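Residue numbering begins at 1 within each chain, and the chains themselves are lettered A, B and C in the order written.
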Amino acid sequence: MTSKQFFASSIGKKITMGLTGFFLISFLIVHCAINAMIFFNDGGQTFNHWGHFMGSNLIIRTAEIGLFVFLLIHIIQGLLLWKQNRTARPVKYIVTKPNENSKWYSRSMGLLGTLILIFLILHLYHFWTPSRFGGIADVHSLEETTLTDYNNQPVHDLFKEMLLVFQNNLLVVVIYVLGVISLCWHLLHGFQSAFQTFGLNHKKYTPLIKLLGVGYSIIICLLFAMMPIAIYLHWIG
Amino acid sequence: MAFDSKIPKGEMNEKWNDYKGHVKLVNPANKRKLEVIVVGTGLAGASAAASLGEMGYKVKAFCFQDSPRRAHSIAAQGGINAAKNYQNDGDSVFRLFYDTVKGGDYRSREANVHRLAEVSTSIIDQCVAQGVPFAREYGGLLSNRSFGGTQVQRTFYAAGQTGQQLLLGAYSALERQVALGNVTMYARHEMQDVVMIEDRARGIIARNLVTGELEKHFGHAVLLCSGGYGNVFYLSTNAMGSNVTAAWKAHKKGAFFGNPCFTQIHPTCIPVSGDYQSKLTLMSESLRNDGRIWVPKNKGENRKPVDIPEEERDYYLERRYPAFGNLVPRDVASRASKERCDEGYGVGTTKLAVYLDFADAILRYGKIEAGKMGDHSATEEALIKLGKDVVKEKYGNLFAMYEKITGENPYDMPMRIYPAVHYVMGGLWVDYELQTTVKGLYALGEANFSEHGANRLGASALMQGLADGYFVIPYTLGNYLADEIRTASISTDHPAFIDAEKAVNDRIQTLMNIKGKQTVESFHKRLGLIMWDKCGMARNEKGLNEAIAQIQALKKEFWSDVRIPGEVNGMNPELDKAGRVADFIELGELMCKDALVRNESCGGHFREEYQTEDGEAKRDDENFSFVSAWEYMGESDWKLNKEELKFEIVKPTQRSYK
Amino acid sequence: MEHYKMNLTLKVWRQKNNQSEGSLETYQVKDISSEMSFLEMFDVLNEQLILTGDLPIAFDHDCREGICGMCSMHINGRAHGPWTSNTTCQLHMRAFKDGDTIVVEPWRSKAFPVIKDLMVDRSAFDRVIQAGGFISVNTGNAVDANCLPIDKKNADDAFMAASCIGCGACVATCVNSSAMLFVSAKVSQLALLPQGAPERESRVLNMVAQMDKENFGNCTNTYACEAECPKGISVANIARMNKEYLHASLNTES
């Protein structure tokens, strides 16, 4: 079997989704941990320190390329699967009661993923483009978040960017919270699903994995959601 | 017409070996040129088609279901016998042979039964190699259970789904041959007739049930593996589609019909609940290992079974047959239930049921479990709970099935059971080679008048079906086909095919054009009632004569007033059913005729005139030690031929289970 | 158990053949006993239709004891109806009450085209088995059955997987019409047994390739298949097949 055949097969596609998804899950841990530094409420010092590290470390920057590639694969593959799966049932049922046999979010990964994608575009526009290109090509207006000094080096003041984005902007906060909620449902299914895809289904361990998945999804998403809320409510800043 | 059972000469235990040593062979190059048609894909058909495909024959297999995996062999629950003696309890080929001949009430052919016992061990080997997941012990070796009152543990099983697992094994072997191109599978096809050229079977006419088209198929030989005809009774444990059509068409083309009246009525089935009932469901015989069968001692008892005190219960099997108790063979147990119900002691709303009670077993197992835990002061409640767990592990799936159908919980309330038609020992008469009286036409499995004589033992049907398909026909068919290598494939444009197709088409048109007022189903029900009442568990001369007259009248009515809606060209289940019911009606008449001439009681055939003083079957070896082989002469006209049965080894004795 | 009678409204999918369009038709049935099976209720309806000059409803069924896998209705939005671990033929009318409306549709999947009314063509399953759902052992090749001890747990798991009846409820119920549960049950059964080892890799690769060819959808682990499977086949089998497939893919030389 060639690798092309593998990736074209139904299980190959599934494994691709699982692998890329798993990578994104581990990325979220890092992302969430570093962002949670804002809760030190030290004017963004710790947060910016780590933000700078992430933005300047060669290894991390290389990994970032991988992240985008994986993200793209996850999105494209996901959309292709969604389309293919829809055509597998050309005539729909008139009556269905899917909630009697499965969780709605497990059936709505495409929809949740699309919502997350919309949110992600806004999110990248808010934070990623200024930190990457702001100083360089003026892709994003950084008039107000100029560079700040850190260890005698000029760094992007991403903390300030957060304040700017969230502090007086209820709509953005709401969109973020909704985005994070979509993410939470997506993860609730995706986390344990990835293990199933890799062939890990065990009487003893699967319940643990499922529990871990629920814990992970809730903690990560709660932390993420708290960030815009805390800033909006001036708990931080 | 002369007919010869072709039993090989020599010692009983050498006959089959000897036969195999001298049988004609077909060389591999010639096998590729020989075409074989297999009708039916149950255990016999699937195993035969697969084995013949493996050998290199060009096989065409037909089934009326949507896939060969659906054949009704799949529903067999209990297990499959084999003389492996893995339990070191004294089993042997001879014992299996002996038990089967005796269990069949001395109405089977010894040589065939001996061969069956011989190949039984290879069946288990073959199935295990195919990946059939039989039950195993902790050491990883195969597990056995005792079944049907035998004194040795020789039954191999896969929970309560042995038939399913064996059939899926044969089905997978068949599908492998389909993939390899050796077998062509025709699902949703029903055989409509055998095509005869000169004195040989040369093919079939089949109807594609999806398009309604008639198809002509040539074969150097035709194998009928189409199962039994229990559905002649309308209500039976058979599948809804199980039918006699293939066998009946063969019969009308010259194949003798053997022992048609030998029907097995299984004692433990879920009773009928109303006149809408479409089929009956078997509760495995294994339940009788632990359940006790009883009826109230008082007529018209209306209390709940649990409220009836011990002294007011009649454990009639234990009373009548102290040696075997609840484990008496099927025919004996069935008749005993009927006797109690006929006397007015039946239970349930219809009063046609008896109790199968697990309360004692639950308590007994509870005590054993408590003992294992060293708890000698457990309350009865605790014991019952422990016991229920044990019973659940042993029979959980059966109990669940019972509850699903009746809505009653058998852990707390005794099951209600009643006998139901389950299997037919009768079928197309075949010789030692499984060839019918028509050259090139073979019958395998339940479709033939089998090795079971007048009564089949539990876990023997699966054994016979697979023996015929895997280990008998691959040898015996070669003996015929070796002489056919010079016969080139005959074009289906041959006049014999055209005529046969036309006859089938004419019959279909006739049926469609009746446009009467009564449904096919209603005729089938009426036929079933006649058969059950007069040719069922007990038969008598007067009833049988009445039945014959009633069936003849029913036949007339059917052919003048049946209503078949829909079209010929397309899927039309009513038309399919009509063809089957028309054949059942004719068969019903023959069954009654057969029962009428057999002036004795043996196995499943109980003639009320021939019983001992205490109501047991009275066999007449002097006058009836033969196989009735009925020859079709014309409408309602049959000639009885007799194949004398000679017992060299197992001398007939009175079966006694007292 | 109290028995009762009921009157029902049935909305049943009627479709002449594969080519024609279908639609839901409404029928009334009266005095249906709670003790009847669902298919017996259909028998009553069909008798009624025949006698009033209508065409009876075509539906697949055979053993009526929940083992052949032939019955296949989507009843009130669920494969095999409202009971779990159950086939349509074993569904009984006490699941419904007087005055209920019951909507009955055929299995819906591109891989299972409608033949007529509620009958569908599931031959795709046979072709998947042909691709590798067997152990290549010709009749007569077998060694003594007890030559090969098999770990009881593996034997039991293989049996559980092998209890699949091939009804297609997994496909019918899956939001993606995926056949993973069916295919994985056979792959698992044979992967768990030592007899299946020689063909272990080619089997999973070929069966999955055939499954994909048959237009089934992709599995997204919703586990609806397991919930609706009449025989309770576990999705652990799907995980096992994924693993087998990955392993086989990495191991092949081309």
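Just so we're on the same page, a contact is a pair of C-beta atoms (placed from the backbone, for glycine too) under 8 Å apart; a residue touches a chain by one contact, two chains touch by 3 or more.
Because the structure is a prediction, the values reported are computed rather than measured.
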| item | value |
| --- | --- |
| Reference chain A; chain at largest CA-centroid distance | B |
| Identifier of the chain whose CA centre is least distant from the whole-structure CA centre | C |
| Distance from chain B to chain A - Cα centre to Cα centre, in angstrom | 63 |
| Chain A-chain C separation of Cα centroids, rounded to whole Å | 38 |
| Inter-chain centre distance, chain B versus chain C - centres from mean C-alpha coordinates, in Å | 26 |
| Touching residues on chain B, where the partner in the complex is chain C | 47, 50-51, 54, 65-72, 74-75, 84, 86, 122, 124-142, 158-159, 161, 163-165, 168, 171-173, 175-176, 178-179, 185, 187, 210, 237, 239-241, 273-274, 276-279, 281-282, 401, 404-408, 470-471, 474, 517, 519, 521-522, 563, 565-566, 570-571, 573-574 |
| Interfacial residue positions of chain C with respect to chain A in the complex | 24, 74, 76-78, 103, 105, 108-111, 173, 175-178, 180, 205, 208-209, 211-212, 215-224, 227-228, 234-236, 238-246, 248-249, 252, 254 |
| Residues of chain C defined as touching chain B within the complex | 1, 16-17, 33, 35-37, 39-41, 43-44, 46-47, 49-51, 53-56, 58, 60-70, 83, 86, 90, 92, 94, 115-116, 119, 121-123, 125-126, 129-131, 133-146, 148-152, 155-156, 158-159, 162-163, 165-166, 189-190, 193, 195-196 |
| Chain C-facing residues of chain A, complex | 1-2, 5-6, 9-15, 81, 84-85, 87-98, 100-103, 106-107, 109, 189, 192-193, 196-203, 206 |
